[in-house]
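One chain, subunit A, links the two complexes that follow: it is found with subunit B in the first and with subunit C in the second.
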Partner chain A sequence: MNMETPAVTRIQFNVRDLLVKYGFIAVTLILFLLFFTTQDTFRLSTTFFSMLKFTSVVAITGLGITLSMAVGGLDLSVGAVAGMSVTLSAMTMVIYNQTGIVAVGIVLLAGAVIGAVNAFLIVVLKIPDLLATLASMFTVMGLKLVPVNGQSVSSGMILRDGSTARGKFTDAFLKMDTGKVGPIPYPVILFFVLTLITWFFLTRTKWGRAMYAVGSNPEAARLAGVRVKRYRALAYILSGILASISGLILASRIGQGDISAGNSLLLDSVAVALVGTSVLGLGRPNAWGTALGAFLMGVVITGLTIAGFPYYGQDVVKGLVLLLALIFSFTLSRKKSRFVPAV
Partner chain B sequence: MRGKNALTVIVGISALLLAACSQGGTTSSAADAGTTEAATATMPAPFDAGPVKIALVQNSGAGDYFQQWTNGANLQAKAIGFDMQTYDAQADNAKQATDMETAIGSGVKGIIVDHGNADTMCPGINKAVAAGIAVVVYDVDIRKCAPTAVFTSQSDESLASLVLAQAATDLGKDKTVGYVNVLGIAPLDRRHVIWEQVKKDNNWTEKFFVGKFTNSVATDNAQLADAALKKNPGVAGIFAPYDELAKGTISAIYQNNLQAKVKVYGIDISNADIEIMTKADSPWTATAGTDPNAIGAGVVRAMALQLAGQLNKTEVSFPGVLITAQFLKDNAIKNMTDLRAKLPELNLTKEVTADWIPTVAFN
Partner chain C sequence: MSTPVQVKSISKSFGTNQVLRGISLDIHPGEIVSLMGANGAGKSTLIKILSGAYPEFEGEIWIDGEAVRIGSPLEARAQGIETVHQKIDDGIISGLSVAENLLFDRIGLNQIPTFCSPKRMVALSREVAQSLDLDWTDSELRADVYQLGIADKQMLLLARALSTKPKLLILDEPTSALSDKETERLFVVIKKLRAQGVAILYVSHRLGEIDELADRIFVLRDGLIQNEQAPPFKWDVALHAMLGSEVARELQHHEEHRGTTELLKAEGVQLFAESTPFSVGVRSGEVTGVIGLLGSGKSEFARAIFGAEPLIQGTFTLEGKAYHPHSPTEAVAEGVYLVSEDRALDGLLEGWNISRTVSLPFLKKVTSQGLLNFRAESELGSDLIKKLGVVAQSQSSTVESLSGGNQQKVMVGRWLIQEPKLLLLDEPFRGVDIGARREISRQIGNLAAAGSAAIVFSADIDEILEVADRIFVFVEGELRLETYLSNTTRSEIIQKMSEVA
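On to the complex of A and B.
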């Protein structure tokens, strides 16, 4: 009896480690294969690419969340920043009759500015991350509506002075969402490239490693000579820029200054970044994990839609998948996961 | 302490998001089972060779109205023998655009687009038409940007004309009237055009014109109507061409105890509306409405005709039906189910159909 016990324990340990390491990837694969074998429409390459395209917005915003989580915070303003980018793009082109390039420039700048304001609130005014970005979320959501009187901006709209808007969404701007290289849509390429850059930055540069150090133990990082404040500020500025990039894709996709755009983005992107922490048992926010999390969400939503599931059923499945990933990284993992923001 | 604070913040955000999502006050009715009237002719191509695949690309399938609309569409699709794939964007315009792409790529013969932004949906609609897919659009005005697709809508002109004709009969000429409406919203603008015409024809004097569109239309407009009525208690009738506006107007009338003097003419009908109209002293005299189930079914029939090459037009509008409070009371109508039974015109079974189409009715 005594001889057998260690052997049994070892096998259990192995299963547990395997689950922690590959459980999440296995869930993604199983769901993908399930839809692939049962749903004809799911097998089409056009479905695959429109799924990735739909996912890219959440994924890119999720990368921003990943950065803020890496420094031990959480950026709640990302959805609001993306929504603001949609309205700003529309204002620049439709009301002020500027080109698409100008709109892109203004939107990226605005994203960086909101990120910098968040950084100022957190680093200089010492407001806890969640509360600071919550405040800026509401402020940005309201602020974007002021110049447009709370209305969606569309070509040919009547302006406040009674004249008709002269501009429209330029073809080049609309191309950002509809353009393709071979069968691959531009947003999907952008999604891949930004994931690659974020991954490289976080794991292969000293700045990225410093960010993780700040996130896991700011005091130790400070004593080791890391400029904690600068890294936290940088994370929020990059998060703002990434959110404004996804806002640009949204604007290009919707083709008007839809004021409701970006509303659902915050919760989805927090979810994919959280799910991503469990990939390969890393137990920390990481770029490929976030990308895979977004991919899984895309598989779930597209697959269930094609299978004829109602929208509330999709939310139930989304919630359960998130729960499963959290069990992998909190309950089963022996590593101490630390990415829940401090207030 | 730290964990507790984070939790508080998250619970708080969730509550805020929930509050932002919940609005609207119409009573939900269960999905209505339809009855199908058998076709009297054999089906033309492409329906003679097994189920025809189509897609329904919806902006939102949630809520009382959309639920009934989708129910009607599903039942009619089943009766015709469509294999219909539904995409519900959950009111996310960007998702509706990618859903449209998925639908185009999925090899369907036809796509029905239900609500959405014209700017967002037009590129996809044109792409589908160019790929040889039949496209029928409901309530997205794509007549300018996608003129080759079929545009269907509920006829706001007919709704306003019906109810205002009743008002003209009840009130007579040369009266003072009030008006509660919000301009800048397409269907309300179309109803406004009819109001201006009827007002002129009957030589009515408009004593007040108030109204605003908010998250709680009925409550907020009750205040406005209340102020307007305090200043002009002598009006004979008020036109409020949307049921939430009518509800607000009616609560203002009760507040000022004018229910015996002022008649209200509204538009739209629901279980909640019927309850208000059938109260003994209700000022709501008449309304005009459509059955969302029947409209959904009608749009699917338009798709069937278009695929068979028999529609021969790019604009279809579904007429409304006049419903008076007297009619509701005389027939002891308590809800939409009773109403459909007593007013079969709501089923639109004679609109947009052919002898080979098994038409669905709801009662």
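On to the complex of A and C.
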């Protein structure tokens, strides 16, 4: 190292470190304050909570992505699993006339099963994470259409045998999305609780610690006696379950088995999880980062929509937000960020 | 044609670390010169300079009586220096056909037309293949290169290297992935090339091969040529030069301990496909030192005991019970721990602090019902710092902020403080300063004195003499000597290491 580093460059370096650490939080705050001061509608507490409510679906899937990223992978099947959950909920309640509880149980189980299949493909069949979950994404997206003949499921629809579907989305099930505790919608509570649990799991339990070890250097983890395969499998199973939870919220929100539901979810949730890695300059996937990333995306989209920004421009904005986060993580950070899996 | 390729006083430094200190040697056409040296002697640096990977160095390279500039691998090739690197698969371009692979160097030199029909490509590549009498058919030449076996790939690389009619051919450990039979076939080719007048620089750790091929040998240590010989080669002299002489280093003598109880028994252990199985026991209460050059099988032995790699054949018994770990997890559960060879590659976790690094293999001990107890973890870290004298600001300093020696103290210490039954240390002193080395040796000695068993695996004879009570000499996957320190001498160990199979 050059010992005669001039003082000026040292200050610049400090600015850079500060930027990496707090840059993203600052951007979130500034944008929030900007919209807050300029847009009357943005100031309403109902706007705030409905923004959080819409964010919650992306955030919860993003938590699943965070787990798969923590073990050095990436679960591309989350959007498909959420979409499948919507159809599955509708089938259970509308076609088979079961209760909401049964639908929730079946959907969660299905999410875990898809996660386990992903784990099998990756850990046992040794297919690279991205490719395995890409394949299961397509399969799941197609498979859900088979029992419903490629059609959305809604109450009173004509079934294959000519009869009319007897069931409907139960009130309790619909309440999952519309229900509130005081001013706070249920999905927001779920979002918060699941973030808390994921954070706790990743940072306060030995399982989370082992997952980070696997993601950081699988061979070093193996030689430290960590059961690498088990933790990778666990991450994908949990990711499947989280995706199915967000699918349940989506189903409750739509109130019917819309076959196109969940289609855009994957890209949004990968984006928020990636954005999350840059929060506090951690350079690793983390639960609060993902939550904050989802929040920021929500603020930007809601703020711009209120300001009259056209809906078709939203993806440009999401892309730029992601790009900004990646610049914090990869260009400015002195840490080597290595949470992106190689194919 | 008779002017040699000359290397004139080449020096190379990385920062303050001078790796080569004025190397001069010449290689005549039709001559095989062998370069020997232990890890870190400067061999690979010299090869990288000659093959254009390090464009900045002091000194000159002369070819055909002229000083040449070698600033890139392409320039090296254009000047007539071809290198076949140790890792065969690094040279093979998968996804291309055998023919395209054969022509790859000539494509780089623009010697192949930009638009070249597959038919013409195959015809051109056949010429290349025939230079080594490889009678590959057209359909074999058209096939994807992955279908070739490892030996054929090596032949392909060799033929490709010859396709540019090199003046100097560098072969870096060309047999390390080959079987005996494939090696024989390769040697026939190499000898033929010599007869054709190619100057060959042959780098290997296998004395038998060098004995068979080389016309001269150069021994490199600490960036200097320590010994030059013409046949008949005196291998003990070469190895003395390679490993360093007694007077060169101050030796730390230690009291020899002898253990009484046999802890680990290895029976019929076979390390390589063609090595002879051996049986040996490791005792508690003493430090066993396993010495062998690169490729002697010592890492394979260590990793097999730790369950990180399967054995070809053989069984282990630990404390009289069958012991067959299928994973490191199982070994750790039995109290068998390994400090792995390359701490940067498969030891350290980036951004992890000392406490976390230390607790990772023993998370159970710092958790209750799965919940981490950060205080217990932090105490584990500070315990280790105290016990091994790690120089660090605190237990929450990241491991990469530490010096090499202190990093290694952490990697060794995290196993040491957990009372191992058997501690395996693979090259524990590599990249470690003398102070840390002494401290780690002392700790290993204390561990054995307290009744555990320790095995230190090293290629450095001084390190082994400094730490071991009992010594195993490994040569090409076989156990050649098993003795106590006081029953042997440095010369005997070197003698055994240099015995050619």
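In the analysis below, the second predicted complex is superposed on the first by the 338 of 343 C-alpha atoms of A that agree within 3 Å, B and C clash if a C-alpha of one lies under 4 Å from a C-alpha of the other, contacts with A are read in each partner's own complex, and residues count from 1 in each chain.
Just so we're on the same page, a residue touches a chain if its C-beta (ideal position, glycine included) is under 8 Å from a C-beta of that chain, and two chains touch if they have at least 3 such contacts.
Keep in mind that this is a model prediction, so the values were computed, not measured.
Superposition note: with subunit A as the common reference, subunit B and subunit C can be accommodated side by side. Of the two partner chains placed by superposition, only subunit C is touched by A:207; subunit B is not.
Set against each other, subunit B and subunit C touch different numbers of residues in subunit A, with B touching more. After overlaying the two complexes on the shared chain, residue contacts for A:78 are found with neither subunit B nor subunit C. Angle at subunit A between subunit B and subunit C, computed from CA centres in the superposed arrangement: 130 degrees, to the nearest 10. By the touch criterion stated above, A:106 is placed in contact with neither subunit B nor subunit C. By the touch criterion stated above, A:178 is placed in contact with subunit B alone, subunit C being left untouched. Once the two complexes are overlaid on the shared chain, A:308 sits against subunit B while remaining clear of subunit C. Of the two partner chains placed around the shared chain by superposition, subunit C is the only one that A:222 touches, whereas subunit B remains out of contact.
Contacts of A:122 after superposition: neither subunit B nor subunit C is touched.
Subunit B and subunit C never share a C-alpha pair closer than 11 Å once the two structures are laid over each other.
Across the superposed pair, subunit B and subunit C touch subunit A at no common residue.
Per the touch definition, subunit B reaches subunit A in the complex via residues 2-3, 5-6, 9, 13, 17, 61-62, 85-88, 90-95, 97-99, 101-102, 104-107, 117, 119-120, 122-123.
Here subunit A touches subunit C in the complex through residues 204-207, 209-210, 213, 216-217, 219-227, 283-284, 335-336, 338, going by the rule given at the top.
The touching residues of subunit A, when paired with subunit B in their complex, are 41, 44, 46-47, 50-51, 53-54, 57, 76, 128, 130-131, 134, 152, 154-155, 169, 174, 177-178, 250, 253-256, 258, 260-261, 263-264, 267, 302, 305-306, 308, 310-311, 340-343. Put simply, subunit C touches subunit A in their complex at residues 306, 308, 327-329, 331-333, 338, 340, 345-352, 356, 360-361, 363-364, 366-367, 370-372.
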